[in-house]
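There are structures below to look over.
Paired with chain B in one complex and with chain C in the other, chain A is shared by the two complexes that follow.
Moving on to the complex of A and B:
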């Protein structure tokens, strides 16, 4: 039995190996030839390890930022980043295995729900499912689940979101695209629907954003990593200036403290870049396999796709939604601490993707005025929900960070507010 | 082998969705190619024969003088549009 114990205790506890095995079995089942099976499994494992490497870069940069922020402003500043949450959950909390298997469980529940309910959506945005699996695993294990029950609960909650979110977005997506063929698969949907609701009330009769001429100079912001750098660099450097030269020098050693802050901000962007490159490798085999299986089992399925698929339909609304959402997150950053909540810094990745998509939604129902007011409300909303989770993340040992994508925050709150109290009734 | 790169902002979601549609179109056409997806920051350094991206990225690409064929789509996963724009390019470079 020694060999089986060895496999279970020493090999399968390594999430990178487990996930490579999952890919290996998946590729075998698709009857790929030997070369493709091996290269696909290896790439999946490589992806997982690249992701972890990116996560530790992010965390190192965040630890530095946390120190200068509390020195400079006398309070904790939280960087919202679902990538950082995922990385820390996998690396430091040792939940990598559970997250990987929950990820698969969400796919399976999604297919079953699409097959047997009228919600025929197949959620193809792999990284969003990974973030969802991360949140259900973290909050599920805190609620007292472990092993099979943890994966089952995560699969059920995540699978429900995977069909319900495209379903609630579809009426407006249909209006935007003019067809019913594609759906939106992005876990910021509660925010989009909220923003569209506000926009509809306020923006009645307002003209479309697509008639506005925007300065071409803003175009670089559609480059994800540049737009993150655009905000992180001033954020780190101003914070370092407030923390002062003598404190900064303690952390920076021989390097000038402002130069060091600049480099640490760039390091953060590097971490995001590496982590997402890992995600890309990780998903390259899994998503097409899932799509193939799903389309066989659910013949009339609608693929729910990542949000930038909608961007070409209303590019001005993307820029406008990004700007107004960012204004909302800046307001929330200053307002929430008055109510005893943490100070959440604006998260540029989410502001761009979620803000941009919200912009398209808001423009579709409430034009320019809707995008302006709805966007500010949206920014506030997507800062408020993650702020509610900060005390929990702190108590689980996460470093200066909170989740972003509001649907995953919603799933976490389902565990905190509903499932956890029910669990404690029975124990 | 013909190399096609599909590009979006982060190189994760919509470029991947578009890649799957491109692959389906290539299969219909009977053209063999290796298709991959990536982010716009690294796309300029790529050595692909054809780059496919969304219309909203067109101004970004125009800043570079890229040697490969560029295709910009209004609807990233619309197979008809992909076919319509890809076929002339494939014919021009003698792959069809």
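Moving on to the complex of A and C:
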């Protein structure tokens, strides 16, 4: 009994071990040889620990930023980063185990829905499912769920989104790709459909973005880490300047306060880089195992793939969508505080991938004019939704950050606005 | 009345671009293969993509993949080679699923992942 108690209380409570066990089972199901099973499981555990290290770097940088922003501007400045939310939830909030098992539950619900309904979409973007599992676990636990009910609820909501989002995007995806065999699996779809709606109304008859020649100078912005640095470095330094030398020196010690702000901004970028490297390592073994199973159970499945699947159809629209979405996020950054919402800084990773993909959607239905106006509206929209979550994240103990990827925000709002009130009626 | 008009226009456009039969496709492939021997630079990429497209139309998916993959290995400009390859990998993955060939299923999923990574890198101008 003592050994079983030890395993349950001391071993299985460690998220890195639980995640390694999930990979272990997946690899066994694939009938891999012993060496591959062991190395795959170990790499998965390593991935979780790398992710944790990245999260710590991000949090340290955000704590510093929160302090100088409050001192400099007298309000809270929020950095939108689903990576930071995931890292903090898995480590600081101790939800790693639940998130890992909910991740699996989403896969299972997705397979069941695809098998037995007319929505044949299998969501193959592992990273996006991890973000969805994070949000449903955080908001599910706040709504009062725990244990198996938390995982079931997260699996149901996340699994529903995993088939519903590719389904609502499919009419436009079909128009872009000319085929119904491939779908889009990216949890920013509500934003794409919203942007496409605006673009369709405004851009009727406008020419395609693919005839435009973009200046090569914009090329560096499409390097995601450079573009994050491009925004974070000036933001940290300007904020430090507003906070003042004496306050800045309290945090920077012997280092000049502006140099310290610069280094902290770079630390943030490094944190995102490390965390995403950890996520890739973490999912490298789990995802192939389970998607193989999914596609076997649902032979007529439509694979829902990550957003770059659409990039070759309209590369100019990607750049145009990124630029116009960024303009929209900058406008929202200044406008939302007038309405009592937090100041959300532009999230360049999301702006690139979600803005770029939205650009392709908008171009397909409304050409250049549609991309211009739809993109600005899209930027505003994907800033507004995360802003609504800020008070909740603050009360849960997250440091100066909010989620991105609007479908995961949508799932969180389903918990906050629908499931939570129903739960409180019963309790 | 408007509907009738629309239908007529559609029929007309279909008539303008008749679907090629197997023999025509084979002849065009032979012609492109001869052209490939002498072509270089951008022309070679165009011919490789054309061959990929013709084999795709002919439902010779392995050959289509071969020419498109060669095209991408020599020139990473985003375009039809990328979009058709995504479709081709999905078709081959489906065939492998029906044949219950797990290794092939994973192989084509892996190829699809690699293509998307290449797409990301291409759009960032890193290749």
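Everything below uses one rule, namely that the second predicted complex is superposed on the first by the 427 of 427 C-alpha atoms of A that agree within 3 Å, B and C clash if a C-alpha of one lies under 4 Å from a C-alpha of the other, contacts with A are read in each partner's own complex, and residues count from 1 in each chain.
One rule holds in what follows: a residue touches a chain if its C-beta (ideal position, glycine included) is under 8 Å from a C-beta of that chain, and two chains touch if they have at least 3 such contacts.
Everything numeric here is computed off the predicted structure, so don't read it as measured data.
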| item | value |
| --- | --- |
| Clash or fit, chain B versus chain C on superposed chain A | clash |
| Contacts of A:30 with chain B and chain C, given as first, second, both or neither | second |
| Which of chain B and chain C A:303 touches, first, second, both or neither | both |
| Which superposed partner A:233 touches (first chain B, second chain C, both, neither) | neither |
| Touching partner for A:288 - first (chain B), second (chain C), both, neither | both |
| Touching partner for A:182 - first (chain B), second (chain C), both, neither | both |
| Touching partner for A:311 - first (chain B), second (chain C), both, neither | both |
| Broader residue contact with chain A after superposition on the shared chain, chain B or chain C | B |
| Touched partner set for A:385, first chain B, second chain C, both or neither | neither |
| Footprint overlap on chain A, where chain B in one structure and chain C in the other make contact | 124, 177, 182, 219, 222-224, 288, 291, 303, 305-306, 308-309, 311-313, 315, 318 |
| Residues on chain A engaged by chain C in the complex (per definition of touch) | 30, 124, 177, 179, 181-182, 219, 222-224, 288, 291-292, 295-296, 299, 303, 305-306, 308-309, 311-313, 315, 318, 356 |
| Interface residues, chain B side, partner chain A - complex | 8-14, 16-18, 20, 37-41, 54-57, 59-60, 73-77 |
| Of all residues in chain C, those that touch chain A in their complex | 78-80, 82-83, 86-87, 90-91, 93-94, 97-98, 100, 102, 105-106, 109-110, 112, 116-117, 119-120, 122-126 |
| Chain A residues touching chain B - in the complex, by the definition given at the top | 124-128, 177, 182, 186, 216, 219-220, 222-226, 273, 276-277, 279-280, 283, 287-288, 291, 303, 305-309, 311-313, 315, 318, 349, 352-353 |
